[in-house]
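Got some structures for you, see below.
Shared between the two complexes below is chain A, which pairs with chain B and chain C, respectively.
Let's look at the complex of A and B:
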């Protein structure tokens, strides 16, 4: 009997896990953005002393997890499980980033929804009394993502206004069974939503229906309304996806006009940083949460936050075969 | 706001809320930059003619010079900036072709000279070559057939 399941898709934690510490590393462009001062480490260049983008991304994962553990009197042995994922094929950034650590590891892929996926699963493991300490982390790198999903960096092409800019960086959060700090009270696991969008340069539009679906289901399952939360954040929908969520969720009877923002719109200044529709990538939600949102929770400027990370489930091959882009969104409710 | 029921409704709605590229501005930029590259090409051609090359040799030397410039600008991270500004204006001239070969060479150097540079060199330019050569064969064939009796 699943006593902790609430409604169709939500889990309510009886002893909510605590987000005991976070760490965030970002690239130079993100450091120059509006949230620059909130990140723990801003890189001076995209290579960080490595010879390939993939090695750099792995190093970012490695150092981010070290940084997260360094904030607490916690060692490798104390961590029960590490849940991590990224955008590169076979999640290599995560695997190579943690290869020197002997922590039981579960690799995850939920595209850009992976950060919330890792925290939701981590919370389930802790609340299910299967673990006491868990690390959830994700990463992305603009250059490695461009190389895998689009064109070589030096190719002289134009990006359409609907395109988004993959965030370079990683975020890691340490979850504990007890202690002080913001607590994860609920997790709503999203369904795959396919609204037939095929334009890989308009990911916001492809993922927005999944965000609407999961947010709607969260409100239905918990009986809460958007007003219950101080702020609701989506992961990386960008300007267009955010506009779609705001408009279309009204047709489902909920209004997000006063307390909703998207991490992809927060992390870059669209006017001066030439990022078109906004930020994207696994690290967009992860670094914005581990840097900015966690800071707001710790300082009690925000007390109840709903974090909904959105992902586009596709590969260059499926896109070339004219398949549509599948959207997914997972949500966690965090309260102090 | 009407409730969206079908994928078609959603696609129409997305088309409405998504901003379009500024086509007219892009056309003007492409025309000016593309034209400017051609003017430079003409200058280079004149230079080689002045050096005493025959007309056909001067054309070949001009292409080689432009390809060299295109690759050099790619290596110094300048061509991508020109491309971002001018779009087709810097893709269509031969310098754009050079850029499309040089950029994968730089990007995939990390996977080695054979499976990286060698295999990926024509990642972008490959289709241009395949369909360019195929079209020239087709046109050549048509030309041959139509001029048989002449």
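Let's look at the complex of A and C:
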């Protein structure tokens, strides 16, 4: 049967869904960073009145979706599906964050690629006439992520230079079948890429090959080159992963020297904020998109954007069992 | 815009996708149960030559998908998307199980509702012309689940009568845009239902309200009654959850007394296998469907089936933080 697929991994939407509104909430450190003024809400502390970091993260998800719906004459009842996921075990910040909403919920897990996964799938559901209105969201929290994936914060463990700083925050986007705003024209769904990297303190290096694989496939499938886009953004590779992407994609015949940046390099000031290789976490791509990039699209400073979010598919258990860190990347093309 | 939605939560497919083949692998205990003869492969022990239960679970996923593809003249390259998820932290049994396949991967998390979530979403992607061929799969393993969610097995902790036994196994289904076989005609996507239940040893009670909510909505959206179906199956409510569903759905005007069963009650012999309230885990619904129910559909002993998988959205961390157990249920209607 004929499908809307171009090439191996890319779907080309016949009626590109519209990103009708977005909302972003970040923690204080992100608010002090270079993109601070673009976020809708900057928290004063990492707890926001809650007793645990996990409860804070759920509250951030809850309020972020409220904020996103609040930009539009849209209520819970108008939303066909909510697609969300996060880094916490069993994706609990998403499920507890949305438990009071009566919205049909499809839980996702794509690690830090989740935001783009939610928008890619959401676009497929809308363009396939399964839905009219969809919310995609994701979150992360520096403290809950460090506790779960690395060391208790109280230990004050020294961080190696390759490590990244998990962004505290959430981003939510409202997709609609029609209307005005930036449109998602293509989605390229990634494959798992396993390069055998095992250093959980060097996620950028582990995820970069997945970003290269998906970007390469996007260009192959669409027949486009990087120059087609005003800007190409990856999700949270940080300085090291970004350098790898720029170098290695040249061996595949594409050049990203002039119009490529990584959200993990944008969200923190590497000189003054002590974040080593840069930002990471599901919220890195989500807040940078919902805050900064969406603003640039709406104001038409950027008209053609490729957003590629990468995820590291691993757990502390697999790391302890000497497994490598699997990478995946999904990408969407957004135009206004 | 007009969509394929009926009512609030149900999608009615215009060209119902076909479940072209299935495959199921189970552990020895499941093989000794009442459905033993229906499974494609029964393991001799819980390790299958691996050193850890997590690695075993990944191997089960890997071989289950191979088995599913092996039933058909279909190879990795022909599969547009693979949709999968599981109970392990960061869904690692899925991602490590499929890492060698070059198939675009969409990771899901719906706890024990994942199997139906994967078939529902897969059907939406096919009916929306985003794809032609999709695999949906999920897994669980008694030992990895007990270790992660409850107590180390070595402790020999006594299990309360309300507890359930996580099924060791995996199920995979191949969905295609056309061809012969049982067809998925409708999908009803559930909302999160929070009844404030906090007993992690009584998952059936925690998830039953979500099953009732989604079944009720399915009947409302489609205008059907339970009598329309030859049989209605829930995923892993066990004896206690099943009893709650049968009783409470009567208060909403529907009667399930004559044609309703729960996979958790079918897969083990409650009298002799010491599984207390019954089977649970992602693989409970997946293996019962891919083994037993699919067989009944293919042989036309059952022609109209409603499959409703329930998930408990919680983690040990949320339980320790006194949060309730959230429930969700997704359902698909399958006809031949």
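Everything below uses one rule, namely that the second predicted complex is superposed on the first by the 335 of 336 C-alpha atoms of A that agree within 3 Å, B and C clash if a C-alpha of one lies under 4 Å from a C-alpha of the other, contacts with A are read in each partner's own complex, and residues count from 1 in each chain.
Throughout what follows, contacts are C-beta pairs under 8 Å (C-beta built on N, C-alpha and C of every residue); 3 or more make two chains touch, one makes a residue touch a chain.
Not measured: the values here are computed from a predicted model.
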First (chain B), second (chain C), both or neither touched by A:5: second
Which partner chains sit in contact with A:244 here, chain B, chain C, both or neither? Use first/second/both/neither. first
If you stack the two complexes on chain A, which partner ends up touching A:104: first (chain B), second (chain C), both, or neither? second
Look at A:315 in the shared chain and tell me whether it touches chain B only, chain C only, both, or neither; answer first, second, both or neither. second
In the superposed arrangement, which partner chain does A:153 touch: chain B (first), chain C (second), both, or neither? first
Quick one: name whichever of chain B and chain C touches more residues of chain A. C
Could you say whether A:161 touches chain B, chain C, both of them, or neither, answering first, second, both or neither? first
So, does A:195 touch the first partner chain B, the second partner chain C, both, or neither? first
Quick check for you: in the superposed arrangement, does A:209 touch first (chain B), second (chain C), both or neither? first
Taking the contacts chain A makes with chain B in one complex and with chain C in the other, which residues are shared? 51-52, 54, 194
Which of the residues in chain A end up touching chain B in this complex? 51-54, 147, 151-162, 194-197, 202, 205, 209, 240, 243-244, 247-248, 250-252
Residue ranges of chain B touching chain A (in the complex, touch as defined): 1-4, 7-8, 10-11, 13-14, 17-21, 26, 74-75, 77, 79-84, 86-87, 90-91, 96, 99-100, 102-104, 106-108, 110, 123-124
Spell out the residues on chain C that touch chain A in their complex, using ranges where they run on. 1-5, 8-9, 11, 51-52, 54-55, 80-81, 85, 87-92, 95-96, 98-111, 117, 121, 124-125, 127-132, 148, 177-178, 189-192, 194, 313-318, 321, 323, 326, 328
